[in-house]
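Below you'll find a set of structures to go through.
Both complexes shown next keep chain A, but they swap its partner, so chain B is in the first and chain C is in the second.
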Partner chain A sequence: MSNPLAYVFSCIFVLLTHGTMLFNVFYNGKYDDVNAVFVLMAAVIGLDAVYFVILPFFKQQTYAVDFMLILILNMGLIFQSCFGGVEFRLKHFVTVIAALVACRVGYFACRDHRWIEDKRKLIWICIGILMGIILLFTGSRSMWISLGESTSIQPSEFIKPLLVLACATSVTEQQKKHKLLCFNVVYENLILFGIVACVCLFQWWCRDLGSIPTFGAIYVSGFLLRICYPKGKYSKKPIIIAVASLAVLAVIGIIVAPPYVRDRLFVDVWNDKNGNGYQQAQALIGIADGGWFGKGPGHGFLHNVFAYSSDIVFATISEEWGLLFSVMSVFVLLMIVAIPLVNPPRSYYHGSMCAGIAAAFSVQMALNIFGSCNMIPFTGVTLPFISMGGTSMAVSGLMAGMLVAAQSPVFKAPKKKKEQKKPLPAQPQQMQPIPPQQPQPLPPRQDAPSQPPVSYTLTDRRK
Partner chain B sequence: MDTAKLIMCAVSAAALDICVLVLMITAYREKSSGRKRWRKTSADMELADRDRGYPLECDEILIGRHENADIRIHDMSVSRYHAILNVADGKWTITDIGSKSGVYVNGVHVEQKRLRENDVITVGERRLIFRKRRDRH
Partner chain C sequence: MKSIKRCQHIITLFLSIFLVGMVVLVIKINREASFYMMNSDDHRLGMVYDRRGDVLFDGTGRGQYTDGYFTDVGNLIGDDKGQMENTLVAQNIGYLNNYSFSSGLVEKGGKAAIYTTLDHDANRAVYNAYMGAKGCACAYNYKTGELLVCTSLPSLDVTRGYADIDNMESGTLMSKVMYGTVPGSTQKVQTVISALEIMGRERLFSKTYSCTGSFVNAEGKNIDCHQSWGHGDQNIQQAIENSCNPFFAQLIQDSDMPLDRIKSQYEKLGYAINGEDMKYFDIDGIQCERASTTLTDTGDFITQWGCIGQGDTLVSPMQLMMWQSAIANSTGRMTMPHIISKVTDVDGRVKKEADTEYSKQLFMPSTASTVRQMLKTNGANNYGWQVPGYDIGIKSGTAQVKEGAEENALLVGFVDDEAHPIAFCVVLENKYSTPVSAEQILTIMLNSLCS
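On to the complex of A and B.
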């Protein structure tokens, strides 16, 4: 820890924020039994305290992402526990802990980028296995696998972090070009395109169309960073081609979309407020009712609307806590993904990984918030770290852990390279004693370092 | 909503705003300490070309003539993507990435070599010195 004082101050301010929110729940909230508020207080403050005590043992270089993560996760727990009346939501508390554990997993897995880069083929296989699971277990019109009466998982969510890792690349990797017809191509880029196409087709097949923009955003960010390496200087040509391709794909998607999706695209929520526009109409009324400071925790009516805690959670928070709080929550989420801009990663792999995560979170946030506000069609995508949903929460935590890893990287020599390195130093050592032993003049390349050979490029240009 | 409740809401919103501000400051302060740590990780080395020093700011440094190269050498004898520098465990390694004129370290043609302080790297017709960083701003 570079600055213990800053660490303590950050802890105090996070605790203070949660404390004032909980006091607001106690003072303004709607509850039948005051014990529910005390249980919520104990859970939130206890989790904060335990996390802040455990965190220094991981000996990270930076902690800003962790503070923002615990801030937003416990804010989400408070919001979720207040919808429709204060009651401690144990299930959401468990998913919050799962997200924090997943964050640690993501941190340990990705902090050494050479190690995770070596596991590229394993990542491709895992994506294939997940697609196989979707094919076999979810069926063609579903995205969930039921594990019991109230528990189910969404396997396609796990593809997101794997796709981020598959899209991330290093400069060295992009130098491994091969001749294919008349183009110099990196085989990995072609494989990646195939993987993304398969994933999107599977999502279409499962009718989880809301996730396709997220997968698309991850791929587009990865693709652009692959063709514009190493400094990410974007030239106009690839961007124009990428945007044009996306526009063509979007138009094709609208044309071949199922009827219920087309209905949603062109629905007038006020004319059809009891049909397809019901959720959005109610969400807009809720946001307007809430105003700047909200109606008070538990005093809203949106908890009567389907998916109030997941798909229209932004509107539910706006109604009960006010627009100021919901916008600030989104700002905290944006801060999490913007941290790599404040403290840029020192490796290209981590940089491209952060870009993929930022793309995924930004698109998810945009789809959820703008969908709730009727600015775009309703998609049913969750708001990261806030919406109810175990799989989404764990995967978001994992991706936050990957951001932490990019902030506290480790640069270790890979084992394979160590083995290869052994014979390499022997070459110059053998070559160096040769010149005095041999009477004949040495080739100019070995003997005259100050006069290296004229390059072929130069010769060609002169011609 | 009565005034007291409104004030309570405003106070909790203000606490959140202040907390976000504090965390932003924390993130900014971590940036400067991160720079110091990187200097330790990278052994605080630089590549010097004539009277110019190139700081080694990431774990992969691409040397070449291409405008996207980290160390861009305006010399036709240097390939567009000539060589790459990698750091691991605080030690730098140079690797030839298929250049036409090759990479020489202290006059010896190499494909890959671990660098030591004051090694002379020759790429094309240009000589670069791998040395301790002198600009410490």
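On to the complex of A and C.
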């Protein structure tokens, strides 16, 4: 750990935030039994403490994402435990832990970009397998696999991080162009397009239309970073063509959408506030009722509305905690996504991975928040790290782990035998040789850009 | 590093779009929160006051009022029960919301209120003047547009609720002032305006037509005069004072009055002609029907009968009154009426204040001056003793309704007084079966307003 003092202060900041929220619950919350508050306090503070003790064992360049993650996860736990009356939600607590574990998994899986990049074909296969699982196990045109009376998982959620990884690319891959008809194309880009098209069509088939914009956003970010990479500046033509194609696809999508989807897309919530617009109308009323500072934890009425803890969770939080606090919570989410702007990723692969995650999170947040507030059509997707839902929580944690990996990567030197076989240009430009099997922290971040390239420039490669 | 920055640009792009969305969302919620709360089952309404601070609607439900306290304006002001949509409260209920995003719902002490231009005492006096008869009356300041009186009978006391709704008389739940009625001979004012616009003052005043009690028009149908022995030869001033139907039938049939010009002028006045879609104008959210008539051919009975003010022609009393403002001001532009004087929010801050607005030019100022003088002459010659003490321009009308089974009395006009610039319209239904005349109601209304 390079700066223990900063680590301690960050811990205090997180504990203070959670402590303040818990005191608010204690003094202003609605509960029948005060023990419910104490259990919640013990769970939140206990999880914070355990996390802060364990975290330093993972040698990372920065822990910023981790602190933000535990901050928002426990905030979400407090929110969820207060909806309609304070009661510790064990199920959500378990999903919070699952998200933290998934974060570690994502970190370990992605910190070596060469390793994960080599698994590209495996990722494609996994996406195919997931679609097969959905096809075989979710029943007719559904998106859930039931694991019991009250438990089910949504396999399509797992496609998101896989698609992020599939869309992420490195410098090397974008140089492998082939002549196809009269175009120079990268085969991988064509394959990726096919995968995304399949995923979107599949989502359409199983009526999980709300996820399509998220998949689309992941692909768009990957697509932009792929087509624009080799040149010194963005190529306008492909971008214009891509945007126009997307617009055409969106229009076609709306035209051929099933009637119930079109009804929901264009519903006037106030004229149909007891029908298709019920959730949005109630959500907006709840936000208005809460005002800036909320009615107090547990004092809202939105817990009587369907999907109050998932699809319209932003409104439920606003009602009980106030719009100000709910917006601040969203800013914590934004900061998680924005951390790659402060701590730049160390490789193009990690950078494009971060962009895909930013696209996925921001589109998902937009769909959830703006949809429930009637600014855009209501699609019923979850708010990352806050909405109730194990699958969503685990996948969000996994993607947060991928962000951690991008800021604390491990670059392993290729084995000697392979080095002899392969020509020099095959090495990544930012590679920092270190002894194998001994992950070491990189030098301070600000030094990285000043390191001379190991092998070549882009111009050299094209030659 | 440049390639990494490109990744960061993409991240920035997505986050920026989301951030802009969040800013828009917060602004939207802050601005529309009051509307959202009005759609909630839980809301606190404020008050509606008249021009002197008298209560016209009590949204708190805590006030004590005598029986029938609000009846005179019951179907204009309405309530929040949803039974009457075209009312001030129903259309402006958002203004009455004792709620703000900062302070939430205010149980007591909220100052959200609508201050109207109405004079509750005058409305009550007019309501009582009908003595149980049906009809409606309206009056407004033709200089400022402030609506002073708007009473429609039968009416209801909204504090009593709607338990007896099945036994309520037809027209109880609507302000008749806002809906079309057969205008009778008050329509002749619009016909004179059209004739003046088409052929000019000199030419119109040079024309004389003879009335023998009945006129057979080009179609071979009779247009009868209310004076069966006729009025003899008359000019336009005499015809308007006599309200002579044969004169106006001959005027419409005159070659100097081409149909397209009549249509054009009627359209400028705001008529929906020959079955056009009904149009409305808005008075602080309350929809008021525009006039409609049928104009097929100048020789047709239906056209002549319509221009005389019978048959298919329908005009709301509000619009009849508004035309009078264009005449009284000698501008040819109507002063648009308003009911809301100002609106205050939950903290008592003024949210909205009324401005005087005018319509587009309906006819030339010279036409307005001529008609103004004609109506004033009519008032001086024929109404001086019926409506004493006021220098008024006036035109009466008798509308045949229910296929001639009943006749409604109408009076439209204005008071030529700088201190009391009032335009008015009085409708008394089934005038032969009522203990009161339209002139008496008008006198009481003017006395209440000018006292």
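By definition in this document, the second predicted complex is superposed on the first by the 409 of 463 C-alpha atoms of A that agree within 3 Å, B and C clash if a C-alpha of one lies under 4 Å from a C-alpha of the other, contacts with A are read in each partner's own complex, and residues count from 1 in each chain.
Heads up, the rule we're going with is that contacts are C-beta pairs under 8 Å (C-beta built on N, C-alpha and C of every residue); 3 or more make two chains touch, one makes a residue touch a chain.
All values derive from a computational prediction rather than experimental measurement.
In the superposition on chain A, A:Met375 makes contact with chain C only, not with chain B. With both structures placed on the common chain, the touch criterion links A:Val337 to chain C but leaves chain B unconnected.
Once the two complexes are laid over each other on the shared chain, residue contacts for A:Ile54 go to neither chain B nor chain C. Set side by side, chain B and chain C differ in how many residues of chain A they touch, and the one touching more is B. In the superposition on chain A, A:Ser221 makes contact with chain C only, not with chain B. By the document's definition of touching, both partners, chain B and chain C, reach A:Tyr348.
Using the contact criterion defined above for the overlaid structures, shared-chain residue A:Leu122 touches neither chain B nor chain C, since it reaches no partner. Applying the stated contact rule after C-alpha superposition, one finds that A:Ile285 touches chain C and leaves chain B untouched. Of the two partner chains, chain B is the only one that A:Met328 touches; chain C does not reach it. In the superposition on chain A, A:Val248 makes contact with neither chain B nor chain C.
Note: residues 171, 228-229, 295, 346-348, 449 of chain A belong to the chain B contact set and to the chain C contact set alike, using the contact criterion stated above. Touching chain C in their complex are the following residues of chain A: 171, 217, 221, 224-225, 228-229, 232, 270, 273, 281, 284-285, 287-289, 291-292, 295, 323, 327, 330, 334, 337-338, 340-341, 344-348, 351-352, 354-355, 358-359, 362-363, 365-366, 369-370, 373, 375, 449.
Every residue of chain C that touches chain A in the complex is listed here, in rising order: 1-8, 10-12, 14-15, 17-19, 21-22, 24-26, 28-29, 32-34, 36-37, 39-40, 42, 99, 101-105.
Within the complex formed with chain A, the residues of chain B that make contact are 1, 4-6, 8-13, 15-20, 22-24, 26-31, 33-34, 36-38, 41, 57-60, 62, 67-70, 76-79, 81, 84, 86-91, 95, 97-98, 100-102, 104-114, 120, 122, 124-125, 127. Contact residues of chain A toward chain B in the complex are 2-3, 6, 9-10, 13-14, 16-17, 19-21, 23-24, 27-28, 61-64, 67-68, 71, 75, 114, 170-172, 175, 228-231, 233, 293-296, 321-322, 324-325, 328, 331-332, 335, 339, 342-343, 346-348, 407, 411-414, 417, 421, 424-425, 427-428, 431-432, 445-450, 452-458, 461.
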